[in-house]
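Attaching a single structure in structure tokens format; questions to follow.
For clarity, chains are labelled A, B, C and D in written order, and residue numbers in each chain start from 1.
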Amino acid sequence: MSHNSFGHLFRVTTWGESHGPAIGCVVDGCPPGIPLTEADIQPALDRRRPGQSRFTTQRREADQVRILSGTFEGVTTGTPIALEIQNTDQRSKDYGDIAQRYRPGHADLTYDLKYGIRDYRGGGRSSARETACRVAAGEVARKILGAGITIRAALVRIGPHGIDRSRWDWSQIEANPFFCPDPVAAEQWAVYLDEIRKRGSSVGAVVEVIAEGVPAGLGAPLYGKLDSDLAAALMSINAVKGVEIGDGFDAATLTGEDNADEILAAPNEAGGPHIFGSNHAGGILGGISSGQPVVARFAVKPTSSILIPRRSVGRDGQPVEVITKGRHDPCVGIRAVPVGEAMVACVLADHLLRDRAQNGPR
Amino acid sequence: MSHNSFGHLFRVTTWGESHGPAIGCVVDGCPPGIPLTEADIQPALDRRRPGQSRFTTQRREADQVRILSGTFEGVTTGTPIALEIQNTDQRSKDYGDIAQRYRPGHADLTYDLKYGIRDYRGGGRSSARETACRVAAGEVARKILGAGITIRAALVRIGPHGIDRSRWDWSQIEANPFFCPDPVAAEQWAVYLDEIRKRGSSVGAVVEVIAEGVPAGLGAPLYGKLDSDLAAALMSINAVKGVEIGDGFDAATLTGEDNADEILAAPNEAGGPHIFGSNHAGGILGGISSGQPVVARFAVKPTSSILIPRRSVGRDGQPVEVITKGRHDPCVGIRAVPVGEAMVACVLADHLLRDRAQNGPR
Amino acid sequence: MSHNSFGHLFRVTTWGESHGPAIGCVVDGCPPGIPLTEADIQPALDRRRPGQSRFTTQRREADQVRILSGTFEGVTTGTPIALEIQNTDQRSKDYGDIAQRYRPGHADLTYDLKYGIRDYRGGGRSSARETACRVAAGEVARKILGAGITIRAALVRIGPHGIDRSRWDWSQIEANPFFCPDPVAAEQWAVYLDEIRKRGSSVGAVVEVIAEGVPAGLGAPLYGKLDSDLAAALMSINAVKGVEIGDGFDAATLTGEDNADEILAAPNEAGGPHIFGSNHAGGILGGISSGQPVVARFAVKPTSSILIPRRSVGRDGQPVEVITKGRHDPCVGIRAVPVGEAMVACVLADHLLRDRAQNGPR
Amino acid sequence: MSHNSFGHLFRVTTWGESHGPAIGCVVDGCPPGIPLTEADIQPALDRRRPGQSRFTTQRREADQVRILSGTFEGVTTGTPIALEIQNTDQRSKDYGDIAQRYRPGHADLTYDLKYGIRDYRGGGRSSARETACRVAAGEVARKILGAGITIRAALVRIGPHGIDRSRWDWSQIEANPFFCPDPVAAEQWAVYLDEIRKRGSSVGAVVEVIAEGVPAGLGAPLYGKLDSDLAAALMSINAVKGVEIGDGFDAATLTGEDNADEILAAPNEAGGPHIFGSNHAGGILGGISSGQPVVARFAVKPTSSILIPRRSVGRDGQPVEVITKGRHDPCVGIRAVPVGEAMVACVLADHLLRDRAQNGPR
């Protein structure tokens, strides 16, 4: 086990703090013979990178990834792939405030309670900056999954404002600063989030990830379930407080006949998957993929670093009022969209290898 | 790794099918010197046991647990604890129907797609019967946690009917057949579920688990997070489709100032935990317990075995209509209540040991 | 991790004490669709079973294995396979002596030092009885490996008496009570071991395991090495104090030109393996199988339970003299022969699955 | 699991190839609050560094380690520690020969058989260069173990020439280029190895590692045994072909009465360990440390890269003669001495944490 790894056969170990010299990860278990260069990974990092709109933190990081091992002449060799990203924009500001007082809702307190020490600069290990490593690893995972499996995510809620699913248009995702598939909602969000940002507040969000082309048979009873691993992976992202598969919590309100995804036809001769009348299950039955799209959703809480004063205590136990200046995301859920995609990619790649081990190639 | 184990230092491996000779589990990593006999485990199994009201399956199982190893003269020895429960009420009914056709919403299909074979009798490995092993392991976990940590769960929703939290009364939990903390809701549920049951349908539910007395410092960034492991553990329970920590999905709708749990006082001299103004976080910040109650919630979908006909296909690919006769739970979420407690207990025991390894005793 | 499991994708977890009601193991990760019944496992247990000659302990155990899960209609289903063996010949003798004093060279002392408690009856968890579970799991492993891979072991040394390798004859293995491939040595050993046995002593031994038909490509740099896992697996057997691959310690005395296994021909068109001029490497280069026979050797120390008095201390710290009466193996190395085979089978099955996960089928 | 990690609670994942930009490792699970800077690690790397005498490869590497994460103000924080070493002396030589032909006894062949691709420059991932990461991680492990546990290793054999144990003098270890505790043997070895080196040959060696001050109680039955993990760790070092604990293979030749380590006195009031009459067991009984010094030994085969021509085949399957020019160790066993220390330190640190998890602090 490792506190800082995830996956079993496709296994990622991340390291690094917000204001150390670099962050990075080791990706172990990647099959050999897969073309892989920095150029394959960089676009996804660029999508996640902060500072691209007024709605994300203004920290400027190039987020240039380097592959330090595991490839030879542009192809994976089967040995561990080390990925590294330099930290370049650590401002030499005074962190005295954060060092000595605990932001309500932040990990400041629990790190100190657990370890008795913390690297408070920029949030240290608990900074969302670490998610860059997830995104980088996710691109390696996508290479393993191949072109037949597509994993896309979208922001479907900001605070009280959801989307209208009838307007869902994947092509809108890159057309607004929110990864929002509903162009009307995106415009409303811009107004709403400007207000939030200007008064120094923040707000939560919901991200939905959809993986299409996932072959049936990934996952395993009863603790190696695909949905169990997805839940762990998505819940491990900073600020995530809930995870759903398919209908999720809405399934609790349904009857058996309404929740059942009727099976309308067996695979055709070309080997296409079964055809279902609905997808309440989110593509997973009994912990195993059914061939339908895998659908997961996760809730991101509002950033705890805000300009609005909150009551707290200092390291000395004395009451203080906390106002967090600096560069922060008014809605950290936005940048969680590519991170969610990456985590789902990593879980699927892991289960693809796990299934191949036990059951041979599909 | 193992597809059928969970936990790391407190590690449980379960085995068994619904209609095999027995089910069981191996609990590894338990500290030595803890008093443990079958009498410590049996009451929890009795709580989960089916056939105790008309609202659960009428299968009659004694669910008598035997400890086959790992204790000596009534005390744990530090070696693996094997727990075993005989299957006694496997009816010699004809399973021809289930064998040849796939129940919509059930794991029948995906087991066949993955393995090409399945033990269809009573659902085989995917039967909720397996959860007895979780409950048994959970009682061992509670012994490790000690009397200072209490883990209780309640059913807070059946289908469209939630509870009124202002009426929450833990003493009601054992006073109705639903583990419902709201006596008024329990009465409504009885009427509603009778109707569901009589027309051969089923319905979903939501379970809430609250762990009190959890010391601060359990969990770890970034993939060994306490919430990440809770999510995996709860999502691994049969029929679970969603998991929340604290406010969960509601946190997505909040602003930063509303979501922040203000810290009102540092620990007192007796070592009591910090005092907070609220618990939106569900007792976990940055993946680490804060000393507040740990609050988790999970959604259970309706049982897929129903008497109402649904369209499906057979193993031969031909269209069929599926009606599942036999003994089934109209709301499998009811029996998930003790299972949820058990999984939270196992995760906490695991993290207690993991934290002690790295940080010494608390 | 687990203290009582081995393997990763083919993963075995054992449990049980010498004088508890039963011992057993859970075999997880076995591919589905493999014919498997008790009759496939029992012969190997019968080979290991004590009481078959005057050179092993006179404890009489039927060692009848039961499969409690993981198969359906005689075929594996991909779910965990629980194997169980009842303990039937636990003599109701007085263990007061062993309970209160530490046999020199035995685990009595260290169990007490570690756990503060031990099941002293028959050695408890440290009894060689546990190796029955390894043998049972090994037979499942052989099924995965298939008929093309044969794993055989032989005793090549008892105390000061080695074999003459020029007389190596596999057909002799079952023709003497020592699994000795040299019929002349076997006769000498009988005389020697009778003398050892009659004077209440014991003696060490060396076992050699040879796996033929192992495909090239199993294993992985740098910590998932095939030889590293073989070393761990063989060293985990009771009383083992050394492990060698190929020439082992003799390789330390060689020059590079003498140790090099020259490659004389590439694979033929039928896909046969490379042809080598020698096999100093024992079939493993850089942690990866080369296609040559895999050769491992392990040293078993003499049984520490002997009739010859040794000085020790009691639980109370007072000096005592220890004489261990009861039924013991004069050379526990004999029964380690099938155990060594089993452990090698388990490691190879695990690496076969691991390699298939990363590299696809061979 | 991971092919490139070792340890469980003290977990090291290494990455990097001989001629990539850098090598490194991630050390996870280190307790917080331990002073740690590059200056703590560098001396051990300097000991292992090549090019310090004519008896090791003439490759010149500064082997300067950088700590990229996991410490703050010179103290560990409990988060993963990333260590990195730049490769600076990768000669721009033509590797065409190694690329197209397989050195007998080398991993060239098996990497190609497994992965179908290999980074042949300097041996790629199979280069002994990787062991620098082990040494760096080992220094972190020593910090966890504390000053009370000392781990030292010595070369006790080069080819046919052993040491005279009556002359064992630890102070000689740093006084000769062989880490040899016997000054007379060291002089003989210099003459012998010069001859080996000049004729382009190489030779094997045996390393002995002794850990003193190890508390009783580390390790666990039956697969988490201390000796089992030591065997895996030492066998994972490049070119190692055998591992022994205590008397090792010699124990196979002993009788029970000769092998028994008599216990002469219980711990004194100051908590000192038991006193034993001998240490045939090498400090481990039943997989658990006894409080005596832990003694392990491993055999290193001769370097396969030699100037003496050997027969082999090329990638095209055609017969070739192989002569390996370039900078190589005539006895790679010499540099394995600090590597062996490091691996033992890592295993002990891991088991210290594992024991503390289950049994609390000692």
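Couple of notes before you dig in:
To be clear about the criterion, contacts are C-beta pairs under 8 Å (C-beta built on N, C-alpha and C of every residue); 3 or more make two chains touch, one makes a residue touch a chain.
Remember, it's a predicted structure, so these values are computed and weren't measured experimentally.
Among the remaining chains, those touching subunit A as well as subunit D are B, C.
Between A-B and B-D, more C-beta contact pairs join the chains of A-B. Averaged C-alpha coordinates give centres for subunit A and subunit B that are 26 Å from one another. Remark: subunit B and subunit C have CA centroids separated by 39 Å (rounded to whole angstrom). Averaging Cα coordinates per chain places subunit B and subunit D 45 Å apart. Of all residues in subunit C, those that touch two or more other chains are 1-5, 8-9, 14, 29, 32, 78-79, 114-115, 125, 220-221, 354, 359. The touching residues of subunit C, counted against subunit D in their complex, run 1-6, 8-9, 14, 102-107, 109-111, 113-115, 125-126, 130, 157, 159-160, 196, 201-206, 216-217, 219-225, 227-236, 238, 240-267, 274, 277, 280-282, 284-291, 299-306, 308, 310-313, 317-319, 333, 354-355, 359.
By the touch criterion given at the top, residues 1, 9, 29-32, 78-79, 220-221, 353-354, 356-361 of subunit C touch subunit A in their complex. Within the complex formed with subunit A, the subunit D residues making contact are 1-5, 8-9, 11, 13-17, 20-24, 26, 28-29, 32-33, 66, 68-70, 72, 75, 77-82, 114-119, 124-125.
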